[in-house]
Structure formats: C-alpha cells, structure tokens
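First subunit A sits with subunit B, and in the next complex the same chain sits with subunit C.
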Partner chain A sequence: MSLEEFKNRDISQSNYYKVDIDEYPTTNSAKFFQVVRRTFKGEMFVGLWVVLREMFKFNIHTLQYPKEKLPITPRYRAIHEMQRLFESGTDRCIGCGLCEKICISDCIRIDTRYDESSRKEVSEYTINLGRCIFCGYCAEVCPELAIVHGGRYENVSEQREHFTLYEDMLTPIDSAINGTQKEYPGFGAITPNESVKKTPLAY
Partner chain B sequence: MEWAFIAETIIKVLVVVLVFSALAGIGTYFERKVLAFMQRRLGPMHVGPFGLLQVAADGIKLFTKEDIIPTGVVKPIFKIAPVITAATAFMAAAAIPFWPEFTVPFTDYVVSPIISDLNIGVLYILSVMAIGLYGPLLGGMASNNKWSLISAARGASIFISYEVITGLSLLAPLMIVGSFSLLDFNAYQSAGVTDWIVWQQPVAFILFWIAAFAETGRTPFHLVANDHEIIDGFGTEYSGMRWGLFAIGEYANMFFLAFVMALIFLGGFGDGSVLGALGLLLKVSLIFFFFLWTRAAWPDVRPDQLMWLCWKVLMPLAIINIVITGFVLMF
Partner chain C sequence: MNKINFKLDGIDVEASSDETILSVARRVGLYIPTMCYLKKTTPSASCRLCVVEVEGVDGMILSCQAKPTQDISVTTNSEALIKERTNIMKLYSVNHPLECGVCDKSGECDLQNKTAEFGIDQQSFSAKDQYREVKEWGLLGYNPSLCIMCEKCTHVCNEIIGDDAIEIEYGGYSSTITPKGSDTLDCTFCGECIAVCPVGALTSSDFHYRANSWELTKVPSTCPHCSAGCALEYEVKNSHGGEKIYRVVNDYEHTTLCGAGRFGFDYIADGSKDEMKLQSAVDAIKGAKAIRFSSQISNEEALMLQKIKEQQGLKLFNEDARVYSKFTTPFSSLATREDVKSSDAILILGSRISSDNPAIRYAITEASRHRGASVVNLHPIEDALMQNVITQFVKYEAGSEEGVMALLVQRLVCDVDDATKRYLDSLDDGYLSAESNFGEDELDEIAAMLSRKESRVIILGADLLSHPRAENIAVLASLLQRYAGFKVLVVASQINTVGVSLICDLDLDDKSIDGTVGYGMPAEFTISYDDSADLQVAPLSQQEGTVVTLDHQLLPLNVAVEFNGYVLNDIANILGIGKRDTVDFTSELPQSAGFKSTAFDLLENFYQHDGLDTRGYFIDQTESGANSTLEDIEDLAEFNGTVIYRCDEVLQFNALTAKCAALGADSALVGSAQFAVAARVSDGDLITITSAGTDRVREFKLDNTLKGTIALEPMVDREPLSLLGRYRYEKVTITKGSCDE
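The block that comes next holds the complex of A and B.
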C-alpha cells in the first residue's frame, strides 16, 4: 500500500455500497418458499467458490510485522525527539518551560540552572511516557522547534522510565553537524526551500 | 499361526493409533493453512519451514501443560470424558479397511489392513461413533460450567437429530449391497467408476455427508463447541492433554468418516491395485478438504435450525429414498 492510499480517508470515493436486505417473510408459505429458494439458488456454492478462488489467487494480505512495516505518516506522533541546532550542534531547547506548562497529562518535568557562563541551561528534562497521551501540544508550543515527535513507535523496555531521558531523545551530535537531522514537518516547521541561517556560533 | 495373527493384529492396531494420532495433529496444521489461504492470511509460518513444526510445538505444549481439574467438577466423569471421545473414535477404525490386501515384501505373508472384518462392520462403526457423543455430553455436564452445560444439552439434542439421518441414509446402500462389511461394499464397486454407489444413491450420499458434518461437529453444524456463543462448549474447563484428547478424537473422527464415505459411496480402493489404494487416499483427502473448505465459506446455523433441517427435511427425504430403493429392488 502506498502512503497516499493509506492516508486517503475519503470514503465517498471508494467502493462502499449499501447492501439490499429483503424483508423477512412472516407467513408460513412465504417462509417455506424462502427455504426452497435458498436451497436451490446455490448461494452456498457461490461462497465455496469465492473462498476457493481466493485460495488459488494466493493474494495474501498478511503483513509480517517485524519484517515488514506499514508506512507511517510524516506527522505521526510517536516518541519525542529533542533537536539540535544545525552545524554547531548546540541543544535547541532554551529551557523556557512552555512544554511543561501546556502538557495536559502533566508528564513533562524540566529543570534549569545557570551554567558557568551565566547562560540558562537545561539541567534535567524527563517525559513520563507512561502518562504521555502523545497529543503533540509540547511540539506545537515549542518556540524553538526543539521538542518534536519522531517516528519511533516500537517501545519495549522493562520500565517505562527507560524511554524518558533527555539524552535518549536528543539527536546525536554528529547527525546535527553533518546535517542529517530530520526536521519536523508539523506546525511551525521551516517551510520547504527556505534557506536556514547559520547559527551565530558558526560565524 | 495363532501367534502370527495376534502379532499382526497388535501391529495393525498400533499403526492405526499412531498414524491417526499424528494425522490428527497434521490435520490441524492443514486446517489452519487452508483456512488462512482462503481468508488471505498466511497461517502458521514461524516454527519450521512453512510452519510445519507448529504441530510439534502444539503437541509439546499440550503434553507438558499442567493438568487442571477445577473445583466443583464431578471428578471421575470429568477425567474420563476426553478418553471416551478419543477411544471411541479409534475403536471405530477397527472395521475400516485402510488399504487393499497386500503381501509382505520378500515373503508370501498376506496382510489385510483391516483390524477386524466384522460381519456388522457399518453398524459397529456407526454405534461406536455414536458412543463418542458421551465425551462432550458427560464432559459438559460434569464441568460445573454453564457454557459446558449448554454445549452438553445441545450435543444431546443434535445427536438424536442427526443419528436418525445417518442410519436412514445408509440403509438404502445397505439394502443394495446386502452386507454390513465395508470390504463387501468395496467389492460391489470394484469394477470401476460407473459402479460407484454414489450414482445409484446420490440422495443417500448427500444426506450422509450432511449428517457427517453434524457428527463431527464441523462448521455449518459447529454448535456443540461454538466459540463465539459458548466459548469452547464442553472443552471450556479442559486444558492440556485432556483437551488435546478431545481434539485428537474430533480430527480422527473426521478422517474415519471420510474413509467410511469413500468406501461406501465412492468406490473405496477399487480393484485393490496400488493405484486404487492411492485413489482411496485421494478421495479421503478431498472429503477432508471439504470439511475445511466449508469452515471458511459457510456460517453456522442455530441448533433449532439444525433440528428443523434434520427432522423436517432430511428425515422425510431419507425415508422416501429408502422406499423408492426398496421398490426398485423388489420389482
């Protein structure tokens, strides 16, 4: 299935149609004739033919999940990712705390402090994924596009807390510097083809 | 000579029990595969090549599972019920010839692959298969579970309906052949395809086929253990190997009924050549496949619909068939 087909939710264009259901017979003679009609109409053989045809067509629709996966939409809201600035690789998060404030399930905790050069720095940032409902408000409210939703939806661990560390969500620094960090295409994202200014640290 | 006979019989019994226990397992594999392909699925895929070893995995699971006997059940009856189902299914095999007579290679010892050629063969098979009903009936009543009880009640009410059809539909072929032995049935049809009893008795064949579905509890008449209505019916409280015995009995019963149908109506193993014997296996496989096929295609009927069908439609048809056969034989 292609992504376009997968995303198409317009049922008016598909092959849905209403099934005609006849009135049930009420009189005994009508019931009898219904039985006779159904007996000799051969509908049961139509059913047999349909399943046999499908067996020989062998058009299997099973998705062998760990080996094959369905495409997810670009705006799919899975585990959060913390982005870095291009080239310099500095964390985008400025510690404003808006995400913590807006989070409706109250699962984000952010702690900030002044570092040695008196700049605000995020000292601790956790998301309790056991409470997170993946509504996407945090990503929407973030002024710096620092917290975004990624596509990592397979989460297995012995404890929920294992997913929530800032370091796990942060983009690896090498992928930020060589420009392979993927931009979130949702609300507030950079418009395609718009040039990105270099960060001050790279001048 | 006596010792040779006893040894031969024991070997035949062992072969039948082992082969059909294994076939019951492989039957579940084919059922899952055929149903899956008809429903555009893949079926078991991960254990062994094409999921072939799934049977072994299921067997190991069933054998090693804890034997749970819930509190509140009638213990002796609860314990014996699965054995009744499995044992009667295999007892019925005693009068079925699975292969034509053959000579043991490098000797002149002739083996007849039927455990005992009873002079009441068909009657014996039908009666023993009918006793098999006591498995679901007693198991369901002893289980102290409402679903099981409903299943037992359904089993009894369905039983008195379909057994009538089974007996009456076989009466007409029995009148034609004049013998209860399946070997005599085979000999009657050994000349070729045109001599098959199904051409003389198409109505009896279809009636027996329908009754076979009720007898084995396969899908259009899968009422005794209908998963979406009464969990697993009589099997709800069973686990491990006791449940496995029910399953083995059910699948063995399907195979044996397929053999009986092929032998009585479809010419059996014909003239006794290897080709004819392979033909018998082919017919049995096709009948078994039909059991699976209908499960993918057809919906289940209600118990009252099945009883209506049996008493008001099939039984009159069977009696008319017998009367007509009788007149044709007489004049």
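The block that comes next holds the complex of A and C.
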C-alpha cells in the first residue's frame, strides 16, 4: 500500500466493503432459536483446540512470569533506589531537597538535621508510591546521583509503606563496600568504560 | 531642607541633604549592586560593589556613603565599573565552599545571586585555603569559611541592638567574626545577625540543616510576645509529624526582631474539640459574676468579652489594661518607637527596658548611635546591658518614683499656669531628694543636657504603672508633656494591653469574688491556651485577629499553624452574639476609641521597598479630656531589708515564652554579690522566698554584672493572681533551703 493510498480517507472508494452480518432476530421465537443454535454449536471447542494444539507442539512463547522475567531497559523507571558512595558506604544523599522540590506529584518528603559530625543528615525520607507517577524528575535533578530509578517493578506487598522508607530503598551497605552496587545509566550517570575513582570522602 | 539637584545616568533627580547617591538611586529605581549595604545601619563600605563614576572626578566613588553635590553627573553603569565589580565578585568567590546544596541559605543567598549576575563561573584567582573552625555559639552557629566579611552583623549588633557582642578580628584573608572580649558569645541572642547575614555563615542552630527556604510557607504576622508587636514571618512546613513552624524571619531591612520573637515559637498547640467542655465553658460564663482575662488576646476577643459583659451583666477584670488605661488618661497623646528613634534626648524612668521591652531598647540604641541622643536611665538597679548607650545613670531608692517625677517636673517645666506653679513651689524638694536619693547635681546634669536638645522623649515603665501612686505620677508626667516639650512613651506590658484598654469597660479586680471565669488567667473555670486549662483555646499565633501595639498601631495576626480546638467565637456563637469568623468583628471595633471600620482582609502587613510601613493602621488617639488634678505627694515608701524586683530575664515575657525550649527560662533569683552578703546566701543555694503570705523555692544565682542590693526575681513562672495590683519591688524574707524539708 502506497503512502498516498494509506492516507486516503475517502470511504466512498471501492476498496471499502461492508461486512456480511445476519439480520438480528426480531421475533421471540427467532431469538430463542439463535440462543439454542449458539449454545450447541461448540464454538468454545474451536478456541480450546487452538490452545491444545499449541501445547503439544511445545513451541511456547509465554514467559513463565514469576520464574522468568523479561530484561528491562536501563531507562525503565521503576521503584527508586538510594545509592551509597563507593568504599565508605556513606549515603550519597546530601539532603539538598531538590527531589522534594521538583516532584510534580508531591510524593517525596524529606526531613534533615544537623548530625554529630556537623554534616547535614537525612533523618526521614519517604516516597509515597501511591502518588508517584514515576516521571523520573527526582533522579534527573539529583546532584549526587543518590536517588535513581531501579528495576524493581513488582509493587506487591501487604502495605504500600513497605516501598517508601529510605532504609528499604538504600543500597545494602555490604554491596556498596564490596563494589557490587549497580550504577544506573542515564542522565548524568557515569559513562561506561570510565574508571571510577575511589570516593574522595573516604578519609 | 535644601534640595540637591543632580544627574543620575542622565536623569535629573532631586535629593534631600541627608541622602546618599545609593539611596537616591534606589528611590528612583536605578540598580546599583551592593553586598554589605543595610539601610538601617551606617554604611560599612566593605564590599565596594556600589562604586559609581562622577564626571570630572578621578577614580570611583562609593555611592553608599557619598552624598551628592549640586549639578554633578553620576554614572552607575559603565564598562570600567562592571569590570571593577566583576573583579570584586571574583575575589568573593575564591575558596567559597561549594556546599550550596546543603547550605541553610538554600538559594536566598546574595553571594549566589551576584555570582550568577556577574557570570563568575570559574575561580580565576587562588589563595591557599586555611582551616577555619565551625563555631557553636548557643542559639547561633558561625561557619567562617562561608563568611564574606560584609560586616552587616557587627553593624546591626552595635548600632541597632546595642549588645556590641561581636567584632571583626582583622587579619586579611583570615579575618573572622569573633565574640567581643570572650571565647563564647555572651549576648541577648536577638538573632538579628542571622537575619542580616547575606550568606549562610551565621545560622540559627535550631534551624541548622533542617529545611530549605523554598519548602517553607511564609505566614506574615505579628509577634505576640511583648507590646511592641514587631513584624515577623512564620515559616511553616508540612513534614513528617504534621505542620510545624520551622523558623521565624523578619524583613531585616526595615524591622528588627528580638530573640523571643525569633526563637520563641515552639509553644504551638494542636487543640481538640470536645462538645462537653465547650458547653461547660458556656455554662460557667452564664453563671459567672466576672471574667478575668489577660491582655494576650486579640481586639476581636476583647470585643466579644465586652459583648458578653453587656449581655450577661457580669464584670470584666483585667488589671493590666485597667492600670494602663488610668495611667495614660492624663496624656494628650503617646509617642511611638519612631519618635524614640528620631529623638536626641531620652529619659527612661521606672523600667528595666532591656528585659521589659527589647524593641524600645533597640529604638533607644538607634537614637543613640545614629542621632547621638543622650540617654538618661533613672532606676534603682543599674542595667549592664544598657551601659553602651546610657549617658547618665541616676539611681534612686525603690518606691520613691513619685518623688523622682516631682523633682524632674519641678526642674524641667517652665511657663506653667498659676495653679501648677503654686503646687510646684509648695513641694518639699529637700525631703524628696533626700528620701529618693535623687540629688541636685544629677538634676542639674539632666537639665544641662536637655537645654541643648530639641526632641525629647520620656519612657515611663512598668514600675510606675504598678506603683500605688501611679495616677499622680501620670499627672505629674503629663506636665512634662505639656510644659517641657517631652513626648511620652508608656511601656505597655503585653501585646494587646493598649487594645484591651480601648475596647473593654473594665472593673476593679475584686480577688475575693466567687464565680469567676478566667480567659488566659487563672480563675474557678479557666479558658486558656494552656493544655491544662478547663477549656483550651488557640494562642495568639494560631488565631486570626488584630492587636494594638504600644505605638497605637493596629496590626493583623495570622494563623501560623492550624488549631483544631475552639476559639472564643464558638462560645460567643452559643451565647448568640458570635459571628461566622472571629475576624468579622474587626470592622466593628469601637470607632469612638479611634478604631477604623476596615475589614480584616483589607489590612496590609508589610513594609514597602522604601521602608514605608503599610502594616494595619494607626489608631486615632482620642484625648480623654478628663481633668486631672495634682495631688499632694505622699510620704515616700521606704524599702529596707531584703528587696527583690520582679523582672524577667531578657527574652522572657509571659508563660508562652517560658515554654519555649530555645529561650531556656530560668527560675533562679539573680542577685549581686552585695545582695548575697546582705541576704546571707551564696551562689547555687536553694532558698525560700516569702512575701505577703506566699512561699516559693528558687535557686539563687550570683550575677557579677549586677550592682546594688536589689535582686531580680523572674515572674513568668509566678501565679498571676498573686501579682495582681502589686508593686514591682517587694520586701521579702529569704530563708535557706526549701520549706518542705
């Protein structure tokens, strides 16, 4: 089909035709016989036969979901993760509050305080995933690459709160220290093949 | 005044003789960048960003301190000027820590703005950085590496506040701000230095790293603590744990705030609604013979109480406002703080002004620093905080205020009418000056000082209002107003003392009466902002309403944090005299007392860019026309033995400030070494103070800055009823140890 043909929206043209459909029954008896006819014709087995045939062919395209998962693209925006600094394991988040500011669905809340070593410390950090629209602005605005979108898209739990606490989103400390923390590609991320220096704050 | 005409960037402008080039430019809307300029202080000329060129003059001129002369032509923007300013900004940016992301200034930063304005995106000069220790000074924190040495803080501390507590330690690149003469900061903690700091160097410890300015909602309101009613903005944020006040800020270009306003906000109540309690409050009012209330209420509440009085036929007790009202009757009009600022001679009588009303103290400091005003403090106790501005201290005996006032009047008035002249001639000045210890020499000195002064102000404090002879003292003081050209400022004790005195028809408090309802005061049924009261209502900072300050200015209050309980209007509604909202009463305030019919929503609450005060409106001061007659001076009371003076610490005014953790109310009796010897107590002793049948246990603290034999006892924690109608000085007996033992 050429583009011109495709763009032609004139339905009066001959390549449009009407589907041949029987007249709907009008009398009660005709309606009754239509029901009987449909009930005993065995149309259901037509569909079942297709399934059965494909099953015995062993040519299955279905993903065995809980056991198998499709790889997701690096740009997929699922539940947030809070990253740590390499080696020292200190939280990357400096508590600047830009994610809270930029969040268009107003689902991030951050409370900070002055800690013992006179640094700004995040005392509470929550994301209300019931409100979050996963737009990714928080990750984009983060000056420290501290909040990123991870790949965990299974939002199933007994309580929504399970996903929203800072501690749950924060990388486990051992994976930060042994270097298995996953760096997420995306805006402002470390470019591939670039050697990552040890954290300068490790003193 | 002579006007000076000159050209500013080609525009013809006119300046008065005391204006600088910068202030003219600001007035006509021309932009000259500055870093260190503060309108309310003298220019410190440290930033040099405000340079301008004058035709025919070599080099650049600092517009913040240079006054224009006739017919000069000034250029505020040229390539050379921009280059000069850009270089200055480059120097400011050398080694400035790149921690803008966590800095408390969070974008409200002059340095950040100017750096962006001049496009400084790299550091083209370098200097070896040095270790600068972050300092903790109580309520303040100081980070020297962020400091740009603009000197705004030292200037306000010295010229506006009068503490003179911080100074610059000069050392070129390693200059810092340091507490004057000690390792730690010992000041009244007004926090004004935090407010004026253009970068995040001086910060409030309490607010440090807790929120960013953009997250905070500003609620413009009026400080509810003392009678000055300073403008402030509550900054509120809804966070984990509900809505909270995070900090209080002020428009520091035009207003000054004391520490109570700035740090005293953590008394906020949540409130709850309980129909039973509300009904029992209504029943209590219906069955009551009198309502006793405090002056920490809004005008609207005062009007409702007045309506309740008319409807229920009960009495209204408010000693504070009643005494104020009677005291101010003889005066034709009262002065404002602006009058104090623009005066050149100030007498303070009967007030420890630094703790009674810091706002007046700041006005006095400003008059002293900017106009060279002479300040005479007449008081039995010398005040170390005022020593920077006081030119003469006159110590008189406690209780002899009437005599002191009579002697002042006798010496200072002239061209009086015959009756007054006869009265003044008949005074036994020998007796008065002997008993009051107010000598001829001191009077001479005051008179000599005043002979050179044009605008005179006398500040009359709470000692006089609580004096048994208060009315005669007021009549005497009115002679100073009429015949000696004095403006009179009466220090009202609480935020709305003036408003209540104008609105309510008050009765003399009869403490023995049964069936009282208290509104903010203890009584048989107490309605108060305190959560232990029979019915809790909203404190002033959680209500809409208006108050009248000692300047006779009506100012609006706004809700900082929502209160979920009842307000007086709910009770009034059940009684059938309420309105939909409390502020519907604002336009109904009595016009006979000088109020206007302006509705609450039409009241402004800000200062314009040129400093014009648009807050609320000024009450027309009506002359009472009451004929006041002079009474003979009674024998002056003598206070021998152990005498204490009821006086709160600086920044403590009432039960609300006492609740504030940052202000740290201390219940100790504070006395001098001399007092300690006389009362046979020593520092840290637990003592029992007995006066007029009441006992209280306090710690005794020795204060070496105090002199004399009178100790200071805080009153915020005292039972308000026991203080009703009592003179501020009290003769007490002090026994060691607590009475329980």
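Descriptive notes on the structure:
The rule we apply is simple: the second predicted complex is superposed on the first by the 141 of 203 C-alpha atoms of A that agree within 3 Å, B and C clash if a C-alpha of one lies under 4 Å from a C-alpha of the other, contacts with A are read in each partner's own complex, and residues count from 1 in each chain.
The working rule: contacts are C-beta pairs under 8 Å (C-beta built on N, C-alpha and C of every residue); 3 or more make two chains touch, one makes a residue touch a chain.
Just so you know, these numbers come straight off a predicted model, no measurement behind them.
Touch criterion met: A:V50 reaches subunit B, while subunit C stays clear of it.
Contacts of A:K101 after superposition: subunit C is touched, whereas subunit B is not reached. Touch criterion not met for A:D174: it reaches neither subunit B nor subunit C. In the superposition on chain A, A:E183 makes contact with neither subunit B nor subunit C. In the superposition on chain A, A:R109 makes contact with subunit C only, not with subunit B. By the touch criterion stated above, A:E154 is placed in contact with neither subunit B nor subunit C. After superposition on the shared chain, subunit A has more residues touched by C, the comparison being subunit B against subunit C.
Looking at the shared chain after the overlay, A:F58 reaches subunit B, while subunit C stays out of its contact range. Per the touch definition, subunit A reaches subunit B in the complex via residues 44, 47-48, 50-52, 54-55, 58-62, 64. Across the complex, subunit C meets subunit A through its residues 101-102, 106, 134, 205, 208-212, 214-215, 239-240. By the touch criterion given at the top, residues 94-98, 100-101, 109, 111-114, 118-121, 124, 126, 143-144 of subunit A touch subunit C in their complex. Residues of subunit B that touch subunit A in their complex: 34, 37-42, 45, 293-294, 296-298.
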